[in-house]
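Before anything else, here is the set of structures, which you'll find just below.
Presented sequentially are two complexes of chain A, the first with chain B as partner and the second with chain C.
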Partner chain A sequence: MTSIAKPAVRHPGLKRNALGFTMRDYEGAMSTLCAGCGHDSVTAALVQACFELALPPHRAAKMSGIGCSSKTTAYFMRQSHGFNSVHGRMPSVTSGASAANRDLTYIGISGDGDSLSIGLGQLCHAIRRNVRMLYVIDNNGVYGLTKGQFSASADIGSTSKKGEANVQPPIDPVLLALTLGATFVARGFSGDKAQLIPILKAGLSHNGLALVDIISPCVTFNDHDGSTKSYKFTREHEVEISAADFVPLRREITVPDTTEAISTITMHDGSVVRFRKTHDSYDPTDRAAAYAHVRACQQRNEVATGLLFLDEGGLDMHAVAKTVPTPLVDLTYKQLCPGNSALQALMEKYR
Partner chain B sequence: MPGPTDVTAPHHYHKVVDCQYACPAHTNVPEYLRLIAQGRYTESYLLNRESNVFPGILGRTCDRPCEPACRRGRIDGKPVAICRLKRVAADLRDDITAYLPKAPTVRNGKRVALIGAGPSSLTVANDLLPMGYDVVIHEKLSQAGGLMRFNIPAFRLPAHVLDEETGYIIDMGAEVHYDSPVSSLKSFLDDTHFDAVFVGSGAPKGKELDIPGRWDAGAREHIHIGIEWLGSVHFGHIEQIAKRVLIIGAGNTAMDCCRTSRRLGGTDTKVVARRSREFFKASPWELEDAGEEGIAIIENHAPKRFVIEQGTLAGMEFDTPTGAVIIPCDEVILAIGQDNAFPWIERDIGIDFDKWNMPVIDKSTFESTRKGVFFGGDAAWGPQNIIWAVEHGHQVAISVHQHCQALDVHDRPPQGMHLESTKMGLHSWAYSNDFNPSPRSQMKHAELVERFSKLSAEVELGFTPEQTATEVERCLNCDVETHFENTLCIECDACVDVCPVSCLTITANVESEGDLRTMLSAPAQNTTQDLYVSASLPQTKRIMVKDEDLCLHCGLCAERCPTAAWDMKKFELVLPYASMMSEVTA
Partner chain C sequence: MSGINDFAFKMATVNGTGSASANSLLMQAIFRMGIPVTGKNIFPSNIQGLPTFYEIRVSKDGYTARPQQVDLVVALNPSTYAKDVASVTPGGYLLYDSSWPLEPELVREGITILGIPFGKMCVDTFQGDRNRTLLRNIVYAGALAALLKIDMDIVGQLLVEKFSKKKALLDFNNTAIRLGYDYAKTNYTCPLSFHLERMDETSGSIIIDGNAAAALGAVYAGATVGAWYPITPSTSLMEAFGAFCRKFRTDADTGLAKYCIIQAEDELSAAGITIGAGWAGARAFTNTSGPGISLMQEFIGLAYYTEIPAVFYDIQRTGPSTGMPTRTQQADLFSLAYASHGDTKHIVLFPCNPEECFYMSVTAFDLADRFQTPVFVASDLDIGMNDWMCKRLQWDDDHTWNRGKCLSANDLESIKKFSRYLDADGDGIAARSLPGVHGNGAYFVRGSGHDKHAMYTEDSDAYQEVVDRLARKHRLAATVVPAPEIHTTPGADIGIVSLGGCHAAVVEAIDRLRDAGIIADYMRIKAFPFDAPVRAFLDSHAVTFVVEQNRDAQLRAMLAIETGKPRDEMIPVLDYGGMPLTAAVVVNAVTSHRNTSTFAVSS
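Let's turn to the complex of A and B:
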């Protein structure tokens, strides 16, 4: 065999969601990434999140740029739409797609190179526009696809496989998003699906851009001792500062079996995000405090994880632009192009 | 807390190989199927022969406990056609005489007597002759094979197959006395002075049905005992039967009786059973074959009396859920079970019998309460089947060997194992790991006219080369085990994520296995299948759990593991046989 295929057989006891699908129905092509790549776990978490949300695969669009991470859109939801764009241009292509069809669920998958190096400007403006999408950054501190050069997220002092230390300061997408006014900011770890899946589900239900930075180790170029993005380092330095559960609209909201203090945020579609208090002072709705807390963790060499900030009241791109509720693709030619007299009447208003 | 599972002893991996575990003789099924896949029929035959001794016979007649156990059955509803593939190896092999074990010219000085020449005795002979034992067989009848010979009809088991496979053993140098029933074990033991005696005389008595009319003069000669009747047919004493025949009973003997009756002129043959179909003892495929031959099967009819009219048998009356019913008939064959009978064994010679008149036999050594006298096959605990008789034979040979060296018969060699990686390179394994979705192949049967033309016309025609090629690929290679090294795991989840049948889970350990079973990637509801539980993982101290139930042995977990914590290792069970033990030093 030159490549491997996953047999179509499945466990007969697999659960079915509201659409009658099993998790296997949300899979895509067999991954060609290195065995053990964190990105594959992120894919598996997305498969489970979309399955649990009973997302209709044909109503989703998977968007990506270039990189190992960006390849992963091929590895889940084979029935969905998709666009694999030029390096770093996923945010603007998604903005355009969303402008034309606001009804699809947009899942953007990018890398730290794709989003923080070549595509940094694109990312910033997508955040500012608050494009309604899940924006995943598979963050491994390197350009995996081009053989492991330090990326813009590499920490100072983190070493390459050959032992050379990075000297340039890192860009932290979480801090960046918080300063740019992002309305949903989270960080997860590919090796902790229990934490990641509720975050992804909340992000998919968010009314705006949901940025999820996921530490996703590159087993081939950045999983050695000396790396600050390895499985081992992340497990030893991860601090969950905000723990969120996601309760979808369909399920009855029951009192959780915990004695911890709980606060809840209701999403625009009626589903609920429930925060368990992990740090006494942490408030996931206070942007300035969130920023300060994440920054403090960073300085202590800790990796702050969790659903770090959520503001469900923000205006998304369509609200700001006051577009019609009907997706533009569904409007008739006549409605989209009302003719010369309508244009003249509009121009008249500006004279 | 569950685990960690010990995979250094054979038990866990042996149990994963469902077919081999279920086979009384632990035949290495997946390995012989792979040999067939490679066209190595002779090697496949010889591998079979090591454990089950009669591959050609069993490839046609085995009760096949392996098939209901086969993992493939839990995947797509139909097990691999393990049994009939065994026949393929037997049919297509080359001459194997050169590879058979041979009796040494220098004998070891020990003499063993075997009573009966059925499969159990022949297996004892097969194991002891190459070790230099002198083996003397006393058989009541004129041919070797026991019930396989004179009860299993030739349309299921052709004589040449029996001749060949019983011949391989006898030709090693067994001294066989045909037509020489042992009529007194007491005088046999007193007069002959063997070092050990094995009783493999079977369960030769068909059960009676003592209801009114049974012994009436006009009826008696039209009522037959199934196994005796089949014997008479075999020896040519009976060549025909009347048109309307009732077979009483719904076991495999009943199936052989009804199909034989159909061939001898019983064009209106009916099988009448006391209970409903789900309780029938006959194998489903035997019932199917009988159905194909136009035999009616009547359920829920309890025999009440034989109906005699004008001094002859006219029918039988039955109790049914809706009242009494008379079914007219000309002849009746009783096939309601077999009993053991030991009128030739005196009760004062140190062999204890229990309240059911069965000898008291040690479950593991097969020794009776008299040292040096062993029982096996149907004679030990009542009627079973050929493959059990064979397994008993292997165990008896070990006991005999211990006994002849004055060693403790309970001191038996343990099972061993070999494990060997099958990794050849990237995406390349030394076995065919790709899942083949083909449905089970359908065996081609002879046309009805052909079948009814003569009694010995074999019904099953065997698999075509195409069917064989497909069917062997349906095997999941369950002996290629997923072997895990906890110290290498970095907990990346790659294996968990890729497994197509959700076998794997990384989780914190819990108190009980019952709880663990509910919290896996997919619930492990089949409790007959074990969980593999690893020792704790280096980074988080969690455990790796594998539910063995539905694993396809596809190797994807090992393929996707970055550290080779998972490997696909071929497991080979090393079974103890008498021939592997040290020689008699006397």
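Let's turn to the complex of A and C:
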């Protein structure tokens, strides 16, 4: 993972957020991905989402595995710790980090190879544990770093750059997450930043695992005519099921001047997600309906995007484990060591 | 040979029929009589229906190794009659269930056969198959109490403690104990020639298994995150950690937990959780056995190279592959010391009994933090799951944890440029920063090639600078890890080197060898890497035996690799059939070598 430092040039007129940071403060090293890579657009959306949320950079941790997507954790928030772990294992490392320090904002960046092949089990079990994290899958249907093999999300019939057609059925992380009981499921498109940013912001505020599958075309190996993960295909087949707007707690909530039906969901921390339904009858709080809708879109050769499902009532890992509100890393040795008198009392049971 | 407070007996039963509680009742009663006692549970990898054995050794001299012979066998499993009868020492006893005619297989010259109708008495006295089956074990415990002169007041007291809340069960058990006791008293001369007499040799001791002791050590070390995947024989470690945490780490006001235990989907994930928690600043551990260690290899390399503290307990079992899951071995030495691909080497601790499992747990967490690296505690099934008599555990309330070089927010506030892998002090250990503390401490953990600033590199010099420092750090660790325990006698004939669970048998063997006129010095390896005293011991003995429980003489190979001592100058003594080591194996190896070679023996 090559990292090139960016020159720290600041324009005096740059807008500042509630913490006094500019957008540049949320950037990282220069990307070394191919020019036009969808992942860089995702990074840009993340930078803007974190800036707008006024997330303190040092209280965030960027977690990743191995692959093109996992490299991108170096390209935003240079003042945040980053953990580029081993292939497919980001979810377990994040689970452990969250167990130790529940107060940090965990941003996991993974890809379709990292999460749907080698790390599929880890993804599933992180969802089951409902670890409080944003879990982004930069999904391009292809292994980029090893030069163009199909991944587990490649559609049947989608062709590689050499023209070979994929024959195995794809794993759809959105359907998978809905089945496993995920409490926040969304899909975006790297080419649609306006839709993506509110989703990322909502995901960052979610009290549990927020899975965001992002179709993010690979310009080098999977952006040709036969591919179903190309810019062209995604633009032509994307169907926005729900348009979301995210209102952080500190901002005043105003009802937008619109005649469209708006529904709102209050997040755990008091922030609000507003939905504008672009499809009649779509209810993002109904898991079965969400599943059916995504499947129906698929059968029509459409890619359903938007915030597809949200349940703010689910228990996260710490609620299930009934851990103290203080992060475990902040407990002192005195709080943790029972001492000799307790030990001697215990010893009587071993006699 | 066998005599007062110096004998062994064995129960041969079918697993899943409730014999375990009767066996531990016997062991605990003997312990409370003040007599040193050891129990070895030789159990199958099965839930119900296969042969299981429990050996109890009584030793007034305090030997705790597996007995070399059994003086009395309780044979209650027809499928193993032949072997059970054969295992009785000449002149010993066989106790069988005479509810049925004596099977021809059970007849043997030179031993005394005692029949007691355990099954018939239970059928006549108790209702229901379940009670009759379970209580048959208590009946044989009663018979043994009479034959071996176990204090019935103590037995009665133990039953009260166990069943104080279950009056009906208490009555059944008291009845069952008396059935066996009275039958033996009425029909046989009690006690037998070898039997028990009260002593006062256990007042400062406890009976505990190594997994419970290790878990307790983790609590006292301040571990807060435990991740695991169930695997025999390590499972009981995390179960014990959970039980101790519920007792000691539940917030009195809120009932909330000051710990987090995650049962992961597999051992890879358990390792990842442990490393993630260690990176975030918690003291974290995982416990597993051989197959789990194999699965964790990639993560171990990541933690080594990125310098993240983590403690791994390996409760070794018989390999390779699935091996014999309920049998013991010390065959993971290579796969721990050099775990993962690339140039890696690790700190490994070798506790020899449950008492050391407790103290070495605390040491392991301190070493992991200080050296910012994975630390392995290499226990085994015999230590981990068997009940050992050992010294009562003590705690120094002045002890505090050593978190190593860990920068605070104040430290980081004044730092201009933080370089995660910069060796500022020249000891090979760089200071680390934890996420969430300060923006100046932010860095990027990567398993890919990195320089001392934690930046990605493909530059040979920058890469080598980091891995060379890791080697320096490892060399420093050799001087800090627990030093070997060395016992020398001027003019000794031979040296014996061993480790871990072999210790009890080796100590006993050295006494027996002395009886036979062979003086042996002894070095017990307590940790890897090895420091200078290890090589010095090897050099100071012309004949050295290395005693270990694996086929390939792994400890001997590591001694050769790490100290430069020629491998063939060390004589391997290998016992790898899966049973706890007996002193006889060591004695026989040394004496047979004397018979075929030239080492001088003092007269």
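In this text, the second predicted complex is superposed on the first by the 326 of 351 C-alpha atoms of A that agree within 3 Å, B and C clash if a C-alpha of one lies under 4 Å from a C-alpha of the other, contacts with A are read in each partner's own complex, and residues count from 1 in each chain.
Here is the rule we use: a residue touches a chain if its C-beta (ideal position, glycine included) is under 8 Å from a C-beta of that chain, and two chains touch if they have at least 3 such contacts.
What you see is a predicted model, and the numbers here were worked out from it, not measured in a lab.
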| item | value |
| --- | --- |
| More chain A residues in contact - chain B or chain C | C |
| Contacts of A:232 with chain B and chain C, given as first, second, both or neither | first |
| Which of chain B and chain C A:206 touches, first, second, both or neither | neither |
| Set of chain A residues, in rising order, touched by both chain B and chain C | 1-3 |
| Residues of chain A touching chain C in the complex | 1-3, 57-59, 61, 73-74, 78-86, 89, 91-101, 103-104, 121-122, 124-125, 129, 317-318, 321-325, 328-329, 331, 333, 335-340, 342-344, 346-347, 350-351 |
| Complex contact set, residues of chain A against chain B | 1-14, 24, 31, 34-38, 40-41, 43-44, 190-191, 193, 217, 219, 223, 231-232, 235 |
| Sites on chain B touched by chain A in the complex | 75-76, 427-428, 434-435, 437, 490-494, 496-498, 500-503, 522-523, 525, 539-540, 550, 552, 554, 556, 559-563 |
| Interface residues, chain C side, partner chain A - complex | 31-32, 206-208, 216, 219-220, 222, 224-225, 227, 247-249, 251, 254-262, 264-266, 268-282, 284, 298-299, 302, 392-397, 399-401, 433-439, 441-448, 455-456 |
